[in-house]
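The letters A, B, C and D name the chains in turn, as written, and every chain counts its residues from 1.
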Amino acid sequence: MDELIEKIILFRDERDWKQFHDPKDLALSISLESSELLELFQWKSSQEAIDQHHSDMRDEIADVLIYTLTLAHDLNIDVKNAILQKINKNAEKYPTAQFKGSSNKYTTQND
Amino acid sequence: MDELIEKIILFRDERDWKQFHDPKDLALSISLESSELLELFQWKSSQEAIDQHHSDMRDEIADVLIYTLTLAHDLNIDVKNAILQKINKNAEKYPTAQFKGSSNKYTTQND
Amino acid sequence: MDELIEKIILFRDERDWKQFHDPKDLALSISLESSELLELFQWKSSQEAIDQHHSDMRDEIADVLIYTLTLAHDLNIDVKNAILQKINKNAEKYPTAQFKGSSNKYTTQND
Amino acid sequence: MDELIEKIILFRDERDWKQFHDPKDLALSISLESSELLELFQWKSSQEAIDQHHSDMRDEIADVLIYTLTLAHDLNIDVKNAILQKINKNAEKYPTAQFKGSSNKYTTQND
(Lines give C-alpha, C1' and ligand atoms only; values in the text may rest on other atoms or scores of the structure.)
Protein backbone atom coordinates (compact mmCIF):
# COMPACT_ATOMS: atom_id res chain seq x y z
CA MET A 1 0.00 0.00 0.00
CA ASP A 2 2.71 2.47 1.00
CA GLU A 3 4.53 1.66 -2.22
CA LEU A 4 1.39 2.32 -4.27
CA ILE A 5 0.77 5.64 -2.57
CA GLU A 6 4.40 6.57 -3.18
CA LYS A 7 4.02 5.87 -6.91
CA ILE A 8 0.80 7.90 -7.10
CA ILE A 9 2.41 10.89 -5.39
CA LEU A 10 5.59 10.53 -7.47
CA PHE A 11 3.48 10.69 -10.64
CA ARG A 12 1.99 13.94 -9.39
CA ASP A 13 5.24 15.46 -8.18
CA GLU A 14 7.02 14.75 -11.46
CA ARG A 15 4.36 16.95 -13.09
CA ASP A 16 4.26 19.54 -10.32
CA TRP A 17 0.50 19.12 -10.05
CA LYS A 18 0.06 19.34 -6.29
CA GLN A 19 -0.67 23.04 -6.75
CA PHE A 20 -3.95 22.12 -8.49
CA HIS A 21 -5.00 19.55 -5.89
CA ASP A 22 -7.12 21.53 -3.52
CA PRO A 23 -8.62 18.97 -1.06
CA LYS A 24 -12.18 20.09 -1.86
CA ASP A 25 -11.52 19.47 -5.56
CA LEU A 26 -9.99 16.08 -4.75
CA ALA A 27 -13.09 15.09 -2.74
CA LEU A 28 -15.20 16.30 -5.65
CA SER A 29 -13.07 14.22 -8.05
CA ILE A 30 -13.55 11.06 -5.95
CA SER A 31 -17.28 11.64 -6.21
CA LEU A 32 -17.11 12.21 -9.98
CA GLU A 33 -14.99 9.10 -10.58
CA SER A 34 -17.35 7.01 -8.47
CA SER A 35 -20.20 8.33 -10.63
CA GLU A 36 -18.34 7.18 -13.74
CA LEU A 37 -18.04 3.75 -12.16
CA LEU A 38 -21.75 3.78 -11.28
CA GLU A 39 -22.65 4.93 -14.79
CA LEU A 40 -21.42 1.57 -16.11
CA PHE A 41 -24.36 0.00 -14.22
CA GLN A 42 -27.00 2.54 -15.41
CA TRP A 43 -30.16 0.94 -16.92
CA LYS A 44 -28.65 -2.52 -16.44
CA SER A 45 -28.61 -5.46 -14.09
CA SER A 46 -25.25 -6.12 -12.42
CA GLN A 47 -24.64 -9.13 -14.66
CA GLU A 48 -25.34 -7.23 -17.90
CA ALA A 49 -23.08 -4.41 -16.73
CA ILE A 50 -20.22 -6.76 -15.81
CA ASP A 51 -20.50 -8.65 -19.11
CA GLN A 52 -20.28 -5.40 -21.08
CA HIS A 53 -17.95 -3.23 -19.01
CA HIS A 54 -15.62 -5.30 -16.80
CA SER A 55 -12.48 -3.69 -18.17
CA ASP A 56 -13.89 -0.16 -17.77
CA MET A 57 -14.88 -1.01 -14.20
CA ARG A 58 -11.26 -1.89 -13.52
CA ASP A 59 -10.14 1.54 -14.80
CA GLU A 60 -12.79 3.45 -12.88
CA ILE A 61 -12.04 1.57 -9.66
CA ALA A 62 -8.38 2.51 -10.15
CA ASP A 63 -9.39 6.18 -10.60
CA VAL A 64 -11.50 6.18 -7.41
CA LEU A 65 -8.62 4.62 -5.48
CA ILE A 66 -5.97 6.95 -6.93
CA TYR A 67 -7.89 10.08 -5.96
CA THR A 68 -8.87 8.68 -2.55
CA LEU A 69 -5.28 7.69 -1.71
CA THR A 70 -4.09 11.09 -2.91
CA LEU A 71 -6.55 12.97 -0.69
CA ALA A 72 -5.70 10.73 2.29
CA HIS A 73 -2.01 11.44 1.70
CA ASP A 74 -2.58 15.21 1.54
CA LEU A 75 -4.65 15.10 4.75
CA ASN A 76 -1.97 13.03 6.55
CA ILE A 77 -4.39 10.16 6.98
CA ASP A 78 -2.92 6.67 7.31
CA VAL A 79 -5.44 4.70 5.24
CA LYS A 80 -4.45 1.32 6.63
CA ASN A 81 -5.18 2.40 10.19
CA ALA A 82 -8.29 4.30 9.11
CA ILE A 83 -9.70 1.15 7.47
CA LEU A 84 -8.81 -1.14 10.39
CA GLN A 85 -10.40 1.22 12.91
CA LYS A 86 -13.54 1.56 10.76
CA ILE A 87 -13.81 -2.25 10.59
CA ASN A 88 -13.51 -2.41 14.38
CA LYS A 89 -16.15 0.29 14.78
CA ASN A 90 -18.47 -1.62 12.42
CA ALA A 91 -17.76 -4.87 14.28
CA GLU A 92 -19.00 -3.28 17.49
CA LYS A 93 -22.04 -1.83 15.74
CA TYR A 94 -22.93 -5.10 14.06
CA PRO A 95 -21.90 -7.99 16.34
CA THR A 96 -21.69 -11.32 14.52
CA ALA A 97 -24.01 -13.11 16.93
CA GLN A 98 -26.79 -10.66 16.24
CA PHE A 99 -26.30 -9.85 12.58
CA LYS A 100 -25.12 -13.13 11.03
CA GLY A 101 -27.14 -13.73 7.89
CA SER A 102 -29.48 -10.98 8.93
CA SER A 103 -30.50 -8.39 6.43
CA ASN A 104 -31.40 -5.90 9.15
CA LYS A 105 -28.60 -3.52 8.26
CA TYR A 106 -29.74 -3.71 4.67
CA THR A 107 -33.47 -3.43 5.11
CA THR A 108 -33.96 -1.04 8.00
CA GLN A 109 -31.13 1.41 7.65
CA ASN A 110 -29.50 3.50 4.99
CA ASP A 111 -25.80 3.49 5.56
CA MET B 1 -3.10 -4.36 0.80
CA ASP B 2 -3.95 -8.05 0.42
CA GLU B 3 -4.11 -8.31 4.20
CA LEU B 4 -6.53 -5.35 4.38
CA ILE B 5 -8.79 -6.80 1.70
CA GLU B 6 -8.74 -10.12 3.56
CA LYS B 7 -9.90 -8.41 6.75
CA ILE B 8 -12.67 -6.55 4.93
CA ILE B 9 -13.96 -9.74 3.32
CA LEU B 10 -13.61 -11.69 6.58
CA PHE B 11 -15.77 -9.07 8.32
CA ARG B 12 -18.44 -9.62 5.69
CA ASP B 13 -18.20 -13.39 5.62
CA GLU B 14 -18.51 -13.66 9.41
CA ARG B 15 -21.88 -11.92 9.01
CA ASP B 16 -22.88 -13.79 5.85
CA TRP B 17 -23.53 -10.48 4.12
CA LYS B 18 -22.23 -11.28 0.63
CA GLN B 19 -25.79 -12.19 -0.34
CA PHE B 20 -26.76 -8.50 -0.02
CA HIS B 21 -23.77 -7.18 -1.96
CA ASP B 22 -25.05 -6.95 -5.48
CA PRO B 23 -22.26 -5.23 -7.49
CA LYS B 24 -24.62 -2.49 -8.69
CA ASP B 25 -25.51 -1.71 -5.06
CA LEU B 26 -21.82 -1.73 -4.12
CA ALA B 27 -21.04 0.76 -6.90
CA LEU B 28 -23.96 2.86 -5.68
CA SER B 29 -22.60 2.67 -2.12
CA ILE B 30 -19.16 3.87 -3.23
CA SER B 31 -20.88 6.86 -4.81
CA LEU B 32 -22.95 7.54 -1.67
CA GLU B 33 -19.94 7.29 0.66
CA SER B 34 -17.96 9.63 -1.58
CA SER B 35 -20.89 12.07 -1.36
CA GLU B 36 -20.72 11.90 2.43
CA LEU B 37 -17.03 12.73 2.18
CA LEU B 38 -17.77 15.60 -0.19
CA GLU B 39 -20.55 16.86 2.07
CA LEU B 40 -17.92 17.70 4.69
CA PHE B 41 -16.64 20.35 2.26
CA GLN B 42 -20.09 21.80 1.39
CA TRP B 43 -20.36 25.60 1.77
CA LYS B 44 -16.76 25.74 3.00
CA SER B 45 -13.23 26.33 1.85
CA SER B 46 -10.91 23.32 2.08
CA GLN B 47 -9.18 24.78 5.10
CA GLU B 48 -12.41 25.45 7.02
CA ALA B 49 -13.61 21.95 6.23
CA ILE B 50 -10.36 20.32 7.35
CA ASP B 51 -10.29 22.35 10.56
CA GLN B 52 -13.84 21.25 11.43
CA HIS B 53 -14.07 17.73 10.05
CA HIS B 54 -10.66 16.04 9.80
CA SER B 55 -11.67 13.04 11.87
CA ASP B 56 -14.92 12.55 9.91
CA MET B 57 -12.93 12.76 6.68
CA ARG B 58 -10.81 9.88 7.94
CA ASP B 59 -13.93 7.77 8.53
CA GLU B 60 -15.52 8.61 5.18
CA ILE B 61 -12.28 7.91 3.31
CA ALA B 62 -12.20 4.52 5.06
CA ASP B 63 -15.80 3.86 3.95
CA VAL B 64 -15.04 4.75 0.31
CA LEU B 65 -12.00 2.44 0.37
CA ILE B 66 -13.82 -0.43 2.10
CA TYR B 67 -16.62 -0.48 -0.47
CA THR B 68 -14.24 0.00 -3.39
CA LEU B 69 -11.95 -2.84 -2.26
CA THR B 70 -15.02 -5.03 -1.69
CA LEU B 71 -16.37 -4.40 -5.18
CA ALA B 72 -12.92 -4.97 -6.71
CA HIS B 73 -12.67 -8.27 -4.81
CA ASP B 74 -16.08 -9.43 -6.00
CA LEU B 75 -15.22 -8.52 -9.61
CA ASN B 76 -11.88 -10.39 -9.38
CA ILE B 77 -9.98 -7.18 -9.98
CA ASP B 78 -6.44 -6.95 -8.62
CA VAL B 79 -6.43 -3.35 -7.39
CA LYS B 80 -2.66 -3.07 -7.18
CA ASN B 81 -2.24 -3.96 -10.85
CA ALA B 82 -5.25 -1.86 -11.82
CA ILE B 83 -3.72 1.21 -10.16
CA LEU B 84 -0.24 0.65 -11.60
CA GLN B 85 -1.60 0.21 -15.12
CA LYS B 86 -3.80 3.32 -14.75
CA ILE B 87 -0.73 5.32 -13.65
CA ASN B 88 1.16 4.06 -16.71
CA LYS B 89 -1.75 4.97 -18.97
CA ASN B 90 -1.86 8.46 -17.43
CA ALA B 91 1.92 8.79 -17.77
CA GLU B 92 1.61 8.21 -21.53
CA LYS B 93 -1.31 10.64 -21.77
CA TYR B 94 0.45 13.35 -19.79
CA PRO B 95 4.20 13.11 -20.47
CA THR B 96 6.29 14.95 -17.88
CA ALA B 97 8.16 17.03 -20.45
CA GLN B 98 4.96 18.50 -21.78
CA PHE B 99 2.81 18.75 -18.66
CA LYS B 100 5.28 19.67 -15.90
CA GLY B 101 3.77 22.54 -13.93
CA SER B 102 1.19 22.98 -16.62
CA SER B 103 -2.40 23.41 -15.68
CA ASN B 104 -3.59 22.27 -19.11
CA LYS B 105 -5.13 19.07 -17.80
CA TYR B 106 -6.87 21.15 -15.20
CA THR B 107 -8.06 24.06 -17.27
CA THR B 108 -8.98 22.61 -20.64
CA GLN B 109 -10.36 19.20 -19.82
CA ASN B 110 -12.82 17.64 -17.48
CA ASP B 111 -11.49 14.30 -16.37
CA MET C 1 -42.87 27.62 -12.64
CA ASP C 2 -41.94 31.31 -12.53
CA GLU C 3 -44.02 31.65 -9.39
CA LEU C 4 -42.23 28.71 -7.76
CA ILE C 5 -38.80 30.13 -8.60
CA GLU C 6 -39.92 33.47 -7.19
CA LYS C 7 -40.90 31.85 -3.90
CA ILE C 8 -37.59 29.96 -3.68
CA ILE C 9 -35.58 33.12 -4.27
CA LEU C 10 -37.78 35.12 -1.89
CA PHE C 11 -37.09 32.56 0.85
CA ARG C 12 -33.39 33.07 0.28
CA ASP C 13 -33.52 36.85 0.03
CA GLU C 14 -35.52 37.17 3.25
CA ARG C 15 -32.59 35.46 4.97
CA ASP C 16 -29.89 37.27 3.00
CA TRP C 17 -28.36 33.95 2.04
CA LYS C 18 -27.32 34.66 -1.53
CA GLN C 19 -23.88 35.56 -0.24
CA PHE C 20 -23.33 31.89 0.67
CA HIS C 21 -24.59 30.53 -2.65
CA ASP C 22 -21.46 30.23 -4.70
CA PRO C 23 -22.54 28.46 -7.96
CA LYS C 24 -19.94 25.71 -7.46
CA ASP C 25 -21.38 25.00 -4.01
CA LEU C 26 -24.91 25.02 -5.43
CA ALA C 27 -23.90 22.47 -8.09
CA LEU C 28 -22.28 20.43 -5.32
CA SER C 29 -25.49 20.68 -3.28
CA ILE C 30 -27.62 19.43 -6.17
CA SER C 31 -25.32 16.42 -6.37
CA LEU C 32 -25.50 15.81 -2.61
CA GLU C 33 -29.31 16.09 -2.53
CA SER C 34 -29.59 13.69 -5.46
CA SER C 35 -27.39 11.27 -3.48
CA GLU C 36 -29.77 11.53 -0.55
CA LEU C 37 -32.60 10.66 -2.91
CA LEU C 38 -30.61 7.75 -4.32
CA GLU C 39 -29.72 6.54 -0.82
CA LEU C 40 -33.40 5.75 -0.26
CA PHE C 41 -33.00 3.03 -2.92
CA GLN C 42 -29.72 1.60 -1.56
CA TRP C 43 -29.76 -2.21 -1.00
CA LYS C 44 -33.38 -2.33 -2.17
CA SER C 45 -35.54 -2.98 -5.18
CA SER C 46 -37.52 0.01 -6.43
CA GLN C 47 -40.72 -1.41 -4.99
CA GLU C 48 -39.28 -2.01 -1.52
CA ALA C 49 -37.80 1.48 -1.52
CA ILE C 50 -41.06 3.11 -2.57
CA ASP C 51 -43.05 1.17 0.02
CA GLN C 52 -40.71 2.29 2.79
CA HIS C 53 -39.69 5.80 1.76
CA HIS C 54 -42.27 7.47 -0.51
CA SER C 55 -42.65 10.50 1.70
CA ASP C 56 -38.87 10.97 2.04
CA MET C 57 -38.55 10.69 -1.75
CA ARG C 58 -40.99 13.59 -2.05
CA ASP C 59 -38.82 15.73 0.24
CA GLU C 60 -35.57 14.82 -1.50
CA ILE C 61 -37.06 15.47 -4.93
CA ALA C 62 -38.13 18.89 -3.65
CA ASP C 63 -34.57 19.55 -2.42
CA VAL C 64 -33.04 18.59 -5.77
CA LEU C 65 -35.50 20.87 -7.56
CA ILE C 66 -35.05 23.80 -5.16
CA TYR C 67 -31.26 23.82 -5.56
CA THR C 68 -31.45 23.25 -9.31
CA LEU C 69 -33.93 26.09 -9.82
CA THR C 70 -31.80 28.33 -7.58
CA LEU C 71 -28.64 27.64 -9.58
CA ALA C 72 -30.50 28.16 -12.86
CA HIS C 73 -31.82 31.48 -11.55
CA ASP C 74 -28.35 32.64 -10.49
CA LEU C 75 -26.91 31.65 -13.89
CA ASN C 76 -29.72 33.51 -15.73
CA ILE C 77 -30.91 30.27 -17.28
CA ASP C 78 -34.57 30.05 -18.29
CA VAL C 79 -35.33 26.48 -17.24
CA LYS C 80 -38.48 26.18 -19.32
CA ASN C 81 -36.63 26.98 -22.53
CA ALA C 82 -33.65 24.88 -21.47
CA ILE C 83 -35.89 21.83 -20.98
CA LEU C 84 -37.83 22.35 -24.21
CA GLN C 85 -34.64 22.72 -26.23
CA LYS C 86 -33.14 19.64 -24.59
CA ILE C 87 -36.25 17.64 -25.48
CA ASN C 88 -35.96 18.82 -29.08
CA LYS C 89 -32.28 17.88 -29.16
CA ASN C 90 -33.13 14.43 -27.79
CA ALA C 91 -35.96 14.08 -30.30
CA GLU C 92 -33.48 14.57 -33.14
CA LYS C 93 -31.00 12.16 -31.56
CA TYR C 94 -33.62 9.49 -30.95
CA PRO C 95 -36.25 9.69 -33.73
CA THR C 96 -39.47 7.90 -32.84
CA ALA C 97 -39.47 5.75 -35.97
CA GLN C 98 -36.11 4.28 -35.11
CA PHE C 99 -36.23 4.09 -31.33
CA LYS C 100 -39.86 3.23 -30.56
CA GLY C 101 -39.85 0.40 -28.01
CA SER C 102 -36.18 -0.09 -28.64
CA SER C 103 -33.85 -0.44 -25.73
CA ASN C 104 -30.86 0.61 -27.82
CA LYS C 105 -30.36 3.84 -25.91
CA TYR C 106 -30.52 1.84 -22.73
CA THR C 107 -28.37 -1.12 -23.65
CA THR C 108 -25.61 0.27 -25.83
CA GLN C 109 -24.97 3.70 -24.42
CA ASN C 110 -24.39 5.33 -21.12
CA ASP C 111 -26.09 8.64 -21.07
CA MET D 1 -44.92 23.25 -15.03
CA ASP D 2 -47.70 20.76 -15.80
CA GLU D 3 -47.25 21.50 -19.47
CA LEU D 4 -43.51 20.83 -19.24
CA ILE D 5 -44.04 17.53 -17.44
CA GLU D 6 -46.60 16.59 -20.08
CA LYS D 7 -44.08 17.21 -22.85
CA ILE D 8 -41.40 15.19 -21.06
CA ILE D 9 -43.73 12.23 -20.57
CA LEU D 10 -45.05 12.53 -24.14
CA PHE D 11 -41.48 12.32 -25.44
CA ARG D 12 -41.03 9.10 -23.48
CA ASP D 13 -44.37 7.58 -24.40
CA GLU D 14 -43.86 8.21 -28.11
CA ARG D 15 -40.77 6.00 -27.79
CA ASP D 16 -42.36 3.48 -25.46
CA TRP D 17 -39.50 3.95 -23.01
CA LYS D 18 -41.37 3.77 -19.73
CA GLN D 19 -40.52 0.06 -19.59
CA PHE D 20 -36.85 1.00 -19.08
CA HIS D 21 -37.53 3.62 -16.42
CA ASP D 22 -37.24 1.67 -13.20
CA PRO D 23 -37.47 4.30 -10.40
CA LYS D 24 -34.15 3.18 -8.90
CA ASP D 25 -32.48 3.73 -12.28
CA LEU D 26 -34.18 7.12 -12.61
CA ALA D 27 -32.86 8.17 -9.17
CA LEU D 28 -29.44 6.92 -10.24
CA SER D 29 -29.73 8.94 -13.47
CA ILE D 30 -30.56 12.13 -11.57
CA SER D 31 -27.40 11.59 -9.53
CA LEU D 32 -25.30 10.94 -12.66
CA GLU D 33 -26.64 14.01 -14.46
CA SER D 34 -25.98 16.16 -11.41
CA SER D 35 -22.41 14.82 -11.44
CA GLU D 36 -22.05 15.89 -15.06
CA LEU D 37 -23.20 19.35 -14.03
CA LEU D 38 -20.75 19.36 -11.13
CA GLU D 39 -17.94 18.16 -13.39
CA LEU D 40 -18.13 21.47 -15.23
CA PHE D 41 -16.86 23.11 -12.01
CA GLN D 42 -14.05 20.57 -11.34
CA TRP D 43 -10.60 22.15 -10.73
CA LYS D 44 -12.10 25.61 -11.29
CA SER D 45 -13.51 28.58 -9.49
CA SER D 46 -17.18 29.27 -10.15
CA GLN D 47 -16.32 32.21 -12.37
CA GLU D 48 -13.86 30.27 -14.52
CA ALA D 49 -16.38 27.45 -14.87
CA ILE D 50 -19.20 29.80 -15.87
CA ASP D 51 -17.00 31.61 -18.39
CA GLN D 52 -16.04 28.33 -20.05
CA HIS D 53 -19.16 26.19 -19.72
CA HIS D 54 -22.33 28.29 -19.38
CA SER D 55 -24.06 26.63 -22.31
CA ASP D 56 -23.18 23.12 -21.08
CA MET D 57 -24.51 24.06 -17.63
CA ARG D 58 -27.82 24.91 -19.25
CA ASP D 59 -27.98 21.46 -20.88
CA GLU D 60 -27.00 19.61 -17.72
CA ILE D 61 -29.50 21.55 -15.62
CA ALA D 62 -32.16 20.57 -18.18
CA ASP D 63 -31.11 16.91 -17.85
CA VAL D 64 -31.30 16.99 -14.05
CA LEU D 65 -34.76 18.56 -14.24
CA ILE D 66 -36.05 16.19 -16.94
CA TYR D 67 -35.10 13.08 -14.94
CA THR D 68 -36.33 14.56 -11.66
CA LEU D 69 -39.70 15.55 -13.12
CA THR D 70 -39.98 12.10 -14.73
CA LEU D 71 -39.32 10.29 -11.45
CA ALA D 72 -41.75 12.57 -9.60
CA HIS D 73 -44.40 11.83 -12.24
CA ASP D 74 -43.87 8.07 -11.96
CA LEU D 75 -44.10 8.26 -8.16
CA ASN D 76 -47.30 10.34 -8.35
CA ILE D 77 -45.60 13.25 -6.63
CA ASP D 78 -46.94 16.73 -7.30
CA VAL D 79 -43.69 18.67 -7.51
CA LYS D 80 -45.29 22.07 -7.05
CA ASN D 81 -46.81 21.07 -3.72
CA ALA D 82 -43.68 19.18 -2.71
CA ILE D 83 -41.56 22.29 -3.26
CA LEU D 84 -44.00 24.63 -1.48
CA GLN D 85 -44.23 22.34 1.54
CA LYS D 86 -40.44 21.97 1.66
CA ILE D 87 -40.07 25.77 1.62
CA ASN D 88 -42.56 26.00 4.50
CA LYS D 89 -40.69 23.33 6.44
CA ASN D 90 -37.42 25.20 5.87
CA ALA D 91 -39.07 28.47 6.89
CA GLU D 92 -39.97 26.95 10.25
CA LYS D 93 -36.49 25.48 10.67
CA TYR D 94 -34.75 28.73 9.77
CA PRO D 95 -36.91 31.66 10.94
CA THR D 96 -35.99 34.94 9.30
CA ALA D 97 -35.53 36.78 12.57
CA GLN D 98 -32.90 34.35 13.73
CA PHE D 99 -31.14 33.47 10.49
CA LYS D 100 -31.15 36.72 8.50
CA GLY D 101 -27.66 37.24 7.13
CA SER D 102 -26.43 34.53 9.44
CA SER D 103 -24.13 31.92 8.07
CA ASN D 104 -25.05 29.47 10.84
CA LYS D 105 -26.79 27.08 8.51
CA TYR D 106 -23.74 27.20 6.30
CA THR D 107 -21.01 26.92 8.87
CA THR D 108 -22.35 24.58 11.52
CA GLN D 109 -24.43 22.11 9.57
CA ASN D 110 -24.16 20.00 6.49
CA ASP D 111 -27.48 19.93 4.76
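What we mean here is this: a contact is a pair of C-beta atoms (placed from the backbone, for glycine too) under 8 Å apart; a residue touches a chain by one contact, two chains touch by 3 or more.
Quick caveat: nothing in here was measured; it's all calculated off a predicted structure.
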Chains shared as neighbours by subunit A and subunit B?
C, D
Taking each chain's centre as its mean C-alpha position, how far apart are subunit B and subunit D in Å?
26
Where subunit C touches two or more other chains simultaneously, the residues are 20, 28, 31, 35, 38-44, 106
Classify the inter-chain contact topology: is it line, ring, star, complete, or other?
complete
Sites on subunit B touched by subunit C in the complex
20, 25, 28-29, 31-32, 35, 38-39, 41-43
Would you pull the subunit B residues touching subunit D in the complex into a rising list?
28, 31, 39-40, 42-44, 48, 106-107, 110
The answer for subunit A against subunit B in the complex is residues 1, 4, 7-8, 11, 14-17, 19-20, 22-24, 27-28, 30-31, 34-35, 37-38, 40-41, 44-46, 49-50, 54, 57-59, 61-66, 68, 71-72, 75, 77, 79-80, 82-87, 89-91, 94, 96, 99-103, 105-106
